[in-house]
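Just below is one structure, and these are the notes that go with it.
We just call them A, B and C in the order they show up, numbering each chain from 1.
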């Protein structure tokens, strides 16, 4: 799907006016926050583990070339194939080739944000394959032809009534008399339909949360078990993932796993954590016969060594979305592409160009809650600010903002003139006040359309202070 | 240049230090198998590990029972299946520990072996280890304990010798290296912490999603 | 007597001098000599947050010069204090003279309530203020400077103040500097959530340490017709109930 990031303002306005979406956000957002807080409180070492997690990822990034080679060699030694993709297009081509060679019809898929990033489903469909998402949330958005609105809870924007309607529309064999008014019935119905898909699939495609260099293992975590059925049942398993997912050892993976689920869902660990190393062995009675890993770059290596490098530590836990007041107000779709929320506003400009995503880094109050909860301590506000700097340097900042800022800076560098201007402003903003407030001000419509402006007290502090000192 | 070469070259051009120094640092780090900060919560004696494991596993909807000896597993399995109202047919792999259990003590039970069949209601596996800190069982794929047993049935039962119930993940990896060889892994290693679930609709937790409805762990105190 | 430079901040300077005077009185009562240095304008945060590092640097240099030579620098704002403590050093290359000066300034700079608690070690406040107050944690004060208990500790010492915690006191009010005019709809939604929490707390006064947040909350509360009063923490601590609350024209009855 083409990025719609340029439409952020428009999309966010629509999101604010969407009652159904607002109800979903209000119902789910606080739950994520509460669950994480409980999990954190239950583990005294949690914040220290975040430091350790950050350090591991920094170590990996500083040695990324060697770790990638190590990982590759281990996968190959275990009988797997490793493919490198510089761009989204290359990643799609590699996977289409494998699927064509396997004459795949039905393809089951585990949840993967990288798959969303490269637009894999569209490509598979275009080539005549039938991809079926098996993570419940991903399945729901697939049948609605939507993007995920959250990186770990793709369908968090939906309510049960919509899902019931979708099932009745898409599951043509569904008995119209069946009661689907409660959530367990909806889950049961999804289980029924997806189970047959697992059994019939020719190829299974999953993502990976971590890649262990020392063992050549790709790790996926799920609560549903869909990732495992996607790996185990078809003849061929493809992992699509990106180069920054490396961790050195199982010990290091342990540390990251400890902070991942707690940050994401407040669990001590996800229900299923699976280490997948190559295809089935000669004596194995089950598991895939062929195993492929596609390592996507897509702009990531260009971030190394820049002021944005810290973003590559991200483990896609979603905590920054859950704690972001902007995300919680507008939901994920307003961001217009694959990765929403604070991390999305940092990553998206790196992947599709700041000129195509200029709104995103600005749609933040820098409240800092994201950085406060990030398990790998990514300084998200700082990275957003760095994007604003790039915009400013490249003259992408809107003209009105630039000239306003210029005029203000001109004054602020000249204290005498500034003092005069402020004295005038103080008087004007006092004179316009009625009952202590200003209901409408031509140059500040952005403010006064929805709120009053408290009137100024009449003189500036500086002039009053100097008067008193005399 | 291939994509591989291009990507690696770009990464190299952007990293500080020399490639040789990086190689040394990586070899050192991989060989050390160094543990990072390990939370205290799992550390403690067998009783502590057992009670923490039980609390966490039951807390996420799994069930745990303890038996004294391996031989007692047979009755425990049969009783649990009967209580769950499931047909008396049990699938397991070729694991010798499980094979040598006195299955004759459960005469009504039909034993099936091999990977799971979608029609299977109940399966049985032997855990490689259990971890107290998060209430997790670890299972290795292969002919002994095929990985499909962990996902296709309604009820998955796991036998865990108490001697293999360790404090933390870091206690498992040396055992794994000892059994597989350094850097080597089974095709699939499952860490399982409760029955399958989803919260994808309105953040409401529902069990099961795609995997087993029930996970029952039988801990053998004397094994 | 140790010398304190009071940096009123640009918003207090123009909009609400009473906050500056309240702050000055509190610092003086704690035994410090207050000076308002010449040459101060704005700390440069708007430029910094808009990606204009060059202007931010120029203003930081000016501010550092104006504030040189004082034992302490105190601001009635977590956001501007955060700018000076956390971000000035980021503006200059490590090792440069400016960087050293920025670090030195950062070490001497304090948000008002943190200064009163940690430096001045204020144990008693003679003031009185009739209010059932709820405290909103401004983002920068809370997350850049770790200010959480300080204002509450002080408010409890004011006769007549009852503290009532609101839910989500730590969640942003929607101000965000230029954010509130660039994305007014999102900002207003955030403020509305905050307003809901304020009302639910049962308080009659909402207190915070940053004028930007206060103007945002007051502006929305008044537009919605609420009679909840909005006050800077310095005014409450100094017992200045005679000055009308934000967006009102009458002082509080004693």
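By our rule, a residue touches a chain if its C-beta (ideal position, glycine included) is under 8 Å from a C-beta of that chain, and two chains touch if they have at least 3 such contacts.
Bear in mind that the values here come from a model prediction, so they are computed numbers and not experimental data.
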Most extensive contact between chains (C-beta pair count): A-B
Of all other chains, the one whose Cα centre sits farthest from chain C: B
Intercentroid distance (Cα basis), chain B paired with chain A, Å: 29
Chain centre separation (chain B, chain C; CA means) in Å: 53
Euclidean distance of C-alpha centroids - chain A vs chain C, Å: 33
Interfacial residue positions of chain C with respect to chain A in the complex: 8, 10, 12-21, 24, 36, 38-42, 44, 46-53, 55, 58-59, 62, 90, 139-140, 142-144, 170-172, 174-191, 193, 214-216, 218-220, 222-223, 230, 243-244, 246-250
Contacting residues of chain B [partner chain A, same complex]: 2-4, 6-8, 10-12, 14-17, 19, 22-23, 25-26, 29-30, 33-37, 39-41, 56, 60, 93, 114-116, 118, 133-136, 141-143, 146-148, 150-152, 168-170, 173, 176, 183-204, 206, 208-212
Contact footprint of chain C on chain A as seen in their complex: 9, 12-13, 16, 325-326, 329-330, 362-369, 371-372, 382, 385, 387-393, 397, 401, 405, 408-409, 411-413, 415, 418, 422, 425-426, 429, 433, 435-437, 444, 446-447, 449-457, 459-462, 464-466
Complex contact set, residues of chain A against chain B: 24, 27-28, 31-32, 43-45, 48-49, 52, 56, 59, 62-70, 74, 78, 84-86, 90, 134-137, 140, 153-156, 158-160, 163, 183-184, 186-187, 190-191, 194-195, 198-199, 213-217, 223-226, 228-229, 231-233, 243, 248-252, 254-255, 257-258, 265, 267-281, 283-287, 295, 297, 301-302, 304-305
